[in-house]
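Okay, here's the structure, questions in a sec.
Note that the chains take the letters A, B, C, D, E and F in the order they are written out, and that residue 1 is the start of every chain.
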Amino acid sequence: MRPSGRKLAQMRPVSIETGVVKHAEGSCLIKMGDTHVLCTASVEEKTPPFLKGTGLGWVTAEYGMLPRATNTRNRREAAAGRQQGRTIEIQRLIGRALRAGVDRVALGEKQIVIDCDVIQADGGTRCAAITGGWVALRLATQKMLAARTILTDPIMDHVAAVSCGIYGGQPVLDLDYLEDSAAGTDGNFILTGAGRLVEVQMSAEGATFSRAEMDNLLTLAEAGIAELVAAQRAAVA
Amino acid sequence: MRPSGRKLAQMRPVSIETGVVKHAEGSCLIKMGDTHVLCTASVEEKTPPFLKGTGLGWVTAEYGMLPRATNTRNRREAAAGRQQGRTIEIQRLIGRALRAGVDRVALGEKQIVIDCDVIQADGGTRCAAITGGWVALRLATQKMLAARTILTDPIMDHVAAVSCGIYGGQPVLDLDYLEDSAAGTDGNFILTGAGRLVEVQMSAEGATFSRAEMDNLLTLAEAGIAELVAAQRAAVA
Amino acid sequence: MRPSGRKLAQMRPVSIETGVVKHAEGSCLIKMGDTHVLCTASVEEKTPPFLKGTGLGWVTAEYGMLPRATNTRNRREAAAGRQQGRTIEIQRLIGRALRAGVDRVALGEKQIVIDCDVIQADGGTRCAAITGGWVALRLATQKMLAARTILTDPIMDHVAAVSCGIYGGQPVLDLDYLEDSAAGTDGNFILTGAGRLVEVQMSAEGATFSRAEMDNLLTLAEAGIAELVAAQRAAVA
Amino acid sequence: MRPSGRKLAQMRPVSIETGVVKHAEGSCLIKMGDTHVLCTASVEEKTPPFLKGTGLGWVTAEYGMLPRATNTRNRREAAAGRQQGRTIEIQRLIGRALRAGVDRVALGEKQIVIDCDVIQADGGTRCAAITGGWVALRLATQKMLAARTILTDPIMDHVAAVSCGIYGGQPVLDLDYLEDSAAGTDGNFILTGAGRLVEVQMSAEGATFSRAEMDNLLTLAEAGIAELVAAQRAAVA
Amino acid sequence: MRPSGRKLAQMRPVSIETGVVKHAEGSCLIKMGDTHVLCTASVEEKTPPFLKGTGLGWVTAEYGMLPRATNTRNRREAAAGRQQGRTIEIQRLIGRALRAGVDRVALGEKQIVIDCDVIQADGGTRCAAITGGWVALRLATQKMLAARTILTDPIMDHVAAVSCGIYGGQPVLDLDYLEDSAAGTDGNFILTGAGRLVEVQMSAEGATFSRAEMDNLLTLAEAGIAELVAAQRAAVA
Amino acid sequence: MRPSGRKLAQMRPVSIETGVVKHAEGSCLIKMGDTHVLCTASVEEKTPPFLKGTGLGWVTAEYGMLPRATNTRNRREAAAGRQQGRTIEIQRLIGRALRAGVDRVALGEKQIVIDCDVIQADGGTRCAAITGGWVALRLATQKMLAARTILTDPIMDHVAAVSCGIYGGQPVLDLDYLEDSAAGTDGNFILTGAGRLVEVQMSAEGATFSRAEMDNLLTLAEAGIAELVAAQRAAVA
């Protein structure tokens, strides 16, 4: 019934290749089916001004999409002179999600910038960015620990994300672009490795929904996240 | 226990004054305690380009905050030359929420722009903007029906929003600024008059959360929304 | 003969409500007929860079108009990414006018920012902004004197503004929108409480004018300003 | 008593050289002492959108200052990415002033753009720009009449401008930079060849002023304008 | 003597992987050593306005660098709100170079946009972008010919680019980042498959140069280009 | 055969008038036929941040074109809010070229900004800007030496530029606008007084070229540069 032939609770194949950019402190190319996102972590010795003198670190994210990551070419945001609302919304979400898994005291007054650039898009780019962004972040903190520029591990747990939605009247896991465009309701679920909730964003894109439907999607998401966390674990081992 | 002395499930006083801007097709000043938002609806005869020829209408929103709506003055976005990420995120949410209650076929190829400008802020401005924005929208469509520029009522149901969060370990309804700043987890809940869910945004601002906690907040929200819908009903009567 | 039925030398009803924004050091909502402007004063502990070390304070103003303050919706300047020429011209005028009534040595190295936001427009918004802006400024300096953050009163005199023009061949006081659109010549007159001139801006909008006509308008303005100063005095008492 | 040794009512030497840019329909280099402004007129076959179908023409102006026209280098506005408030205020004034001397019905649906670029500044650049801009405009309309692209002369009268101020307690004509910086009150006076007023802008830059002082400055200005109109007449003969 | 141990006239290993972005009409990932550039070609049915009605097509390019393509993170141009001068200079060069190999009459009124995004940088990114951009362009035109949306092949010849410079007093081919930073003179040479010159840009970065030195570099470049053209030929076969 | 009647190797008349802007440390108006560029040099006591503490000085350039320097009016870049790609490319070239003739150790931690503003354009504006910019730079350094703010002359040699191209199948020197528009190949050649090469930019604008053709143009350029250097020498004597 799904365009891809997947079962309702079946994820797309996930792969995470690390060390893809030699300059970055951490990097990976995450593929969730045909959605490919390049994630890098850059460690900076200073935090944003509002944290100066607090002893706390910061993790932030930026998101971009190459102009031809999509079926029709999108105007390059650098050329347009401003980031679209969608871009800004997504990168704020990525940063907020990743910070939820970080002990900012342990990080100290440093900033880690996670850049997530979509090379090819087929739905679920923000979720892939969070899942891959966590891997880049984890690799960078491992490197910092090895170099003893930090002494306590600031990573408290995995953070991963998956989208679910109601497609053709059925709850389905890990929407691709065709499903995403047609779903009446969809949501993004961000969880920790321990299964705690970090962020839930459910939205009626054409059809309002009930508490029961939300519950069903969340149950699907929990299973998907477990699979993503396993992939993260393998990647950073 | 709450800074304001309210009970856990107690809303702030809500008032909605309509007809506050003589030029607008619909307008109201909504007050949720010390949060005051001016909402206007502007009917335009043409839709955005991507809808041209589809027969569908559009509802969109813009959000702003006067520089001194807050405790310390914020830089005016018009002077800065760009809207902040937070502004863009909020106005996208308002537009999406209000569209969920509109029959865009009945509206036809027209656009209604809802402007929500915060005069004074004390937490929950985006929720007040949605609740008040719906009133402005409702008044504008009543006017259109009366003028017979549309023949079928495009308003399918009320849409209202409230924030809830976990404050001092307790689930509380309708956070004010002091609570919002201190809450480990909070969420915005947007529901219809019939109690269907339009959008749920829960976020760990410092502490991850469980499914049970999310459920508790949602139950609180349902009660709050009922009160807001009653206030909307009285305002547009 | 005037669209509103007013006499040639008759002002619109003026009301000034103070304390309308709880966060601001000074605030008022001024109404000149259907022109409604919200004015706030924000005290900042530092001056612009060019005054650093001079011992002099600064008063500046920003002006905005809510998108639906007017008969047809104006594009939000924050969304457009730049302030219009008209906005910039007006806010420079407001700042310059208010500074003429301030002893900047007594103020010391502080800055007071006056924000004037038009809620509803019906002509004469810049004049209302100056008259109301002065009230916000006066309230803020009273608060500073009471808190002993300044020791000498920096307010030297009232500053108020009114527009006059030649409408239907007759000199009229306090133009509303219909008159303003049709006037061949109009001007803005800014005076102190003592009747000294602060700024005169007369402009031929379609018809050049004579010295005698300018004199007549100035005489009208003097009477109008006296009324405005009385309203200011009552508001800040 | 004046830094330049001039008498109170003495203008700086004025010269207007025409035909200085071969591509423009009209051009001149106006020098008022050490203030040098290059003015060009460009005729465009279409008006701004708001005039489409009205049969009316438009005259508008843009103003710029080369980075090193002043004693210390100013940042290039094109590099900064926005025009300063002062620039916008000045170019709106120039356009408004020149339109006051034009019969927009006779011009028909064409636009003439007057560019005024300050090569060297020593006070009074906006006045020089208006006086020189009129010459460029006049030359362009002569060319249009000769080419019979318009049949009726749209120029109704000369428009010229001069600044006056109170310097050292005395009313002085045609302020240079040193005087302008020190004047307590100054004003720009724009008049027609027939001596009618087009625009008066008087401003208290440190000291408020009386009606009598304004009158004195206006009398000085009338004499100065007569001299400028004679120079214009000689230039376009 | 070269940091990489290469001989003076030795290129870095070149690889060109095609079909890397499923949505694009043509795409490749070109690697010249550690410089990796993703190139896509997007076919658009309409040309820029200045070509409307001429029957001529257009090829243009945009260039970007992911923030962490370099050793220290660069600010994202989309976030900064403007493209850097270097970016603009490079993308104009790429477009100009590729157009030199295209018969724009054969292309007809279509536009092909070549996006070149640097994933990892180690010197010579603009040359890699041209060489890889040509491959994406060639693949797109092959697809158009196959689909019969064009009937005549618009590709007249290969276009490829390489940098050369004087490093340590010796002429060297295909500079990497270390060499590029230290070279006194360097140049970019763009040639066709037939060995005709398309663009030569030689620049004294610290040391002026002689005609003989320029000749030597050009001879090196001719050899390098032959190697690149062979790699292009293999990639598009 | 040339539109102007010039011989193949004949330059346009060159004139360089110095001291044209009283405020600048160095200035000239260079005319190459109908191309007129105003060049000023501004000495600033501090360098850009990246040079702080290095003891090295900096020379940079900005380029602009008055809106009506060309046959049809160009939009003012300050009004458009961004510099065009062409402008950025040119000003980077001018700065790079002039730095090649400067001993940045002798200059010390100062910056000299060369502003080149085109008053009237007829082809070759970037070359005129470099040749005239060098004169402004030379005058400014002479003034610094005289004032003993620097003790060693930082000017190592003349820098001048000329364009050549293949027009009507023939190599021609110093292209004017008509030739530039029609040339299949053209180039800009920047040389020192001693005849060393500073920058060569040859570009196929419609027709690729051979090494022999490039050689011929370079030979022409050498002769033209000698003439320009003589004019520079006369101007600064």
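By definition in this document, a contact is a pair of C-beta atoms (placed from the backbone, for glycine too) under 8 Å apart; a residue touches a chain by one contact, two chains touch by 3 or more.
Keep in mind it's a predicted model, so treat the numbers as computed, not measured.
Trainee: Is the C-beta contact count larger for E-F or for A-E?
Mentor: Most contacts of the two pairs: A-E.
Trainee: Taking A-B as the reference interface, identify its repeat among E-F, A-E or D-F, namely the pair sharing over half of the contact pairs by residue number.
Mentor: E-F
Trainee: For chain C and chain E, let me know how many angstrom lie between their CA-based centres, rounded off.
Mentor: It comes to 59 Å between the two C-alpha centres.
Trainee: Using mean C-alpha positions as chain centres, tell me how far chain B is from chain C in Å, no decimals.
Mentor: Centre separation, chain B to chain C: 33 Å.
Trainee: Report, in whole Å, the distance between the mean C-alpha point of chain B and the mean C-alpha point of chain E.
Mentor: Chain centres of chain B and chain E, defined by C-alpha means, are spaced 50 Å apart.
Trainee: At which residue positions does chain D touch at least two other chains?
Mentor: As it turns out, chain D has residues touching two or more other chains at 81-82.
Trainee: From chain E, heading first to chain F, what order do the chains fall in as you go round?
Mentor: Beginning with chain E, then chain F, the ring reads E, F, D, C, B, A.
Trainee: Please output the residues of chain D touching chain C within their complex, sorted ascending.
Mentor: That would be residues 82, 85-86, 88-89, 91-92, 96, 100, 187, 192, 196-204, 208-211, 214, 218 of chain D.
Trainee: Okay, in this complex, where on chain E does chain A touch?
Mentor: 20-24, 27, 34, 38, 40, 42, 44, 62, 64, 66-71, 73, 76-83, 87, 113, 115, 117, 119-121
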